[in-house]
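Just so it is clear, A, B, C and D label the chains in written order, and each chain counts residues from 1 on its own.
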Amino acid sequence: MGRSGPDDGATLVSVLDVDWAERWMHTAAADVAAARDDLTELDRLIGDGDHGVNLDRGLRAVAERLGDPAIAPRETVGQVLRLAATTLMSTVGGAAGPLYGTALLRASKVTDRAVLDASGVVALLDAALEGIVARGKAASGEKTMVDAWQPAAEAAERVAGTTDDVGDTWRAAADAAEAGARATIPWVATKGRASYLGERSAGTEDPGARSTAIVLAAAVRALQGPGA
Amino acid sequence: MVRVKKLLDDPAQAVTDSLRGFAQAHADEVTLHEDPTFVVRASGTPPGQVAVISGGGSGHEPLHAGFVGAGMLDAAVPGAVFTSPTADQVAAAIVAADGGAGVLAVVKNYTGDVLNFETGIELAQAEGVEVSSVVVNDDVAVEDSLYTAGRRGVAGTLAVEKIAGAAAARGDDLATVTALAERVVSRVRSMGVALSACTVPHVGRPSFDLADDEVEVGIGIHGEPGRHRVQASGALDITRRLVEPVVEDLDLAAGEKVLLFVNGMGGTPSSELYVVYARARDLLVERGVEVTRSLVGSYVTSLEMQGASVTVLRLDEELTALWDAPVRTTALRW
Amino acid sequence: MVRVKKLLDDPAQAVTDSLRGFAQAHADEVTLHEDPTFVVRASGTPPGQVAVISGGGSGHEPLHAGFVGAGMLDAAVPGAVFTSPTADQVAAAIVAADGGAGVLAVVKNYTGDVLNFETGIELAQAEGVEVSSVVVNDDVAVEDSLYTAGRRGVAGTLAVEKIAGAAAARGDDLATVTALAERVVSRVRSMGVALSACTVPHVGRPSFDLADDEVEVGIGIHGEPGRHRVQASGALDITRRLVEPVVEDLDLAAGEKVLLFVNGMGGTPSSELYVVYARARDLLVERGVEVTRSLVGSYVTSLEMQGASVTVLRLDEELTALWDAPVRTTALRW
Amino acid sequence: MGRSGPDDGATLVSVLDVDWAERWMHTAAADVAAARDDLTELDRLIGDGDHGVNLDRGLRAVAERLGDPAIAPRETVGQVLRLAATTLMSTVGGAAGPLYGTALLRASKVTDRAVLDASGVVALLDAALEGIVARGKAASGEKTMVDAWQPAAEAAERVAGTTDDVGDTWRAAADAAEAGARATIPWVATKGRASYLGERSAGTEDPGARSTAIVLAAAVRALQGPGA
């Protein structure tokens, strides 16, 4: 959270508008592409070695479809997230496809505005988390992406209203997701493919929690305009 | 990412390339639909007959597309390698396969498969198709519990598809076909071993690392590591490690009749599978269990993984008759 | 000798162990005879029908025992791994398979096979059985010359056995069945590639050493090294190296109709074989050759070797009809 | 041929009787068993890696059947060789089975005597060579076992009659077989499985020529009684 202090290099107050939402998705696509082999390696160790490739394929498609303005209206943040959600659902497959897809679909329903305020960020993250839990039925501590989304939503809730910059809410969320993902390392998985390994799943970070940390950090990276 | 030594071109296109070859080689029997991808019987589901469909990640061939044909599946939905298909693929396949009498979806128990099939089924139901589903979870290597993802679906899936398909072919309605599929699920158990790992094309390195003298017991069919490693020993010892947990989980008693299915993981010669079969049969016979039906071959695979699984299905008269019923698919026919 | 990681017990007993499992699993279809070892149809050769038999070293399964059944082989004679059977095995199988109308022996062109079959045939003839033989030599990787051992018999053997078996099943006499088999021999050509070597159980180390980025072109089916090594490249490039010599040797012209058979060497997933099939088909179509029949699968193998071969048979109407004729064996059925 | 000089350790004059013939086969079985993996390795390099195992299986069976006096009469050398020949034919398979089998079968036909003299050795080797050539149709220089049998037969012919000890004839034959086998190393095979390798068959000794050298040396080792 050091990044949200008054000395922070970011001097602009963040604006969570449609452009930001599009930048978020493009940044997430680029960051997941860069992390693809690392994510796949985590999944190779405790899963079936496809998480990086799966998510990369999906976010690549999201970026491509966002590039074509004819595909869907982009008047609200929610419309951008809906396009991303349906694209992920039809290109990713596996567990991550429906989970990320549902997360963004639910998030899109509570973000049908041109600009989000801090409570909008909280609503977005809450809806996403609820979507993932509704689909995957994992509780926190089961070594899944829930363990990144849930602390993120909780941190946003805590920070929202305590600062004027909506960016701070996102930064808190992203930092919490990062910490949450790391916390999964020593755990034994009880949901998802890693659970088949039992005790042998301990010692490796959950790939979905890691990708969540990357995707939420991308929302922060997208704050300060295309050049950030 | 290393370029792996495989008979493939662009790894991202490998599933599509392979499915096109499959559809060309068997044009009389199957038709490939692209965008979204699924395979149906060339002649379609006979009108008025319940359709049975299945699907899942690719890399398990001939499962599922190789089982499309008379007496088994009406459609198969292949995902990327080891990645369940997407919900829209599932929905499109269900709608295409429906012959007016409803569709049974056979789903292997993996989070991804379950989620995508759930959504796909909802989408198809919204288009007015009657759909039921069964979730296959025959892998005794995985502890079953309410608090976990539960057991995986592995080679036993073949038995569910064969018997459900036979029931549909003889004219059973959707409820009956579904109940028979559930009956198979409740009576079929499997356990597998790997002698070597497999390499997913886009990953470019083996899914796990195994010393020259180790085998991995309790593997699934996604190149995932198993529950434990043991020193490589002979066929008898290894087969015992597969048969015993299966027999115990099924609680098989002397005098019971079973189907014994020895499945190769893709890179194992059939000669070795028959040795495992002989050993497994002996172990069952020792317990007084009667092997009345048999299947040996690489049907539910994990790319080029070396290894095998043993599947036992507790038979009754009806299941035996449905197993024996004619089947004409590219991979299974009698 | 290193203990190899295989699903076998005593390597010296592996062939017998495996054949016993095979015979148990398919007791309705085949019967195993031991001392000397051979496999016959459970129902025997129909009286008055020409019998077709074949045999050779083990390790090529399902060739030949997997092709015993209606419409194909009446007996198969398995030797030790990669070692032709002995003459007394051959003689006993011929005598057992004879249905009174004579026996055609399909022999793959290897010194050992030719010598042992020659002697075995003489012994059977001495017992009053009418016997003819054909020698299959479809492997274009090997230069053919009067002064050498000549070309090897590889995957094309399947086509000879299928078509001779169909001719026998429709009631052709021995001379006709033999002439048809010769016709197939003269029209079928193959070429293979290995991505990895295989390990003979009693040898305990790979039959050749291949770097991670090399493939061996022009391999046979005995784990022997090929004619040259090339850098591993994609399916298209590799398939071209198989198709071109075959097409050239057959001197195929535009408009001709062929059977395209893509065969796996044992350790290659069928998904890769279908990619090779798609590429090979494209290459043939480019030359105006019409692929009217297809077969894709691991039928003539080299233990767990990874790789594939492409076989092309120039068809005519009669050969097409015989190819299409029903066949009911454990490994090939339609 | 140094071994055949007057200073030779062998002081007994050799007797090629039925006991010797049986000892020959037992010695050959033991020596091939010891060389099994080496023979297999040669065959792995330029063939299909089974020659050692094949011949070992066959000679083991020969030794076993010789151990059972009920199986066949042993009144002549020829009877011993005939038993060996038929056993090899029904247990070895491959190319080596019929070749060795035919060699010994033909040899048995010209050795139907209780004791062989030097001309008997020549006849034995000539008949064996003829059998191999009749079956395998290889000429000398094609990198096969012919390249060991032929010099052996020629050497025996040369030496027979020049010495009183029939053992000298055998020693000459065995030495020539040894040299013949070694000579195959640089050659390119044109018969047998090694011929499939073309140029790549050069540099490795022919497995069948090597086993021939071992089997003929065993005949010498069998000369001086069981303990030799």
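Keep this in mind: a residue touches a chain if its C-beta (ideal position, glycine included) is under 8 Å from a C-beta of that chain, and two chains touch if they have at least 3 such contacts.
Source: prediction; values computed, not measured.
Each step here moves to a touching chain, and the least such steps from chain A to chain D number 3. Chains that touch both chain B and chain D are the following: C. Look at the CA centroids: the one farthest from the centroid of chain B belongs to D. The geometric centre of chain A is 33 Å away from that of chain B, both derived from CA atoms.
Rounded to whole angstrom, the centroid-to-centroid distance between chain A and chain C, based on C-alpha atoms, equals 55 Å.
Mean C-alpha positions place chain B and chain C at a centre distance of 29 Å.
Taken in their complex, chain B has these residues touching chain C: 3, 5-10, 14-15, 17-22, 24-26, 58-59, 61-62, 66, 195-196, 212-213, 215, 232, 234-236, 238-239, 266-279, 281, 294-296, 301, 303-304, 306-308, 333-334. For chain B in complex with chain A, the residues that touch the partner chain are 1, 12, 36, 57, 79-89, 110-112, 115-116, 118-119, 141-143, 147-149, 152, 200, 202-203, 205, 207-208, 220, 222-225, 227.
If you check the complex, the residues on chain D that touch chain C are 37, 40, 44, 47-50, 53-54, 57, 89-99, 135-136, 190-193, 195-198, 200.
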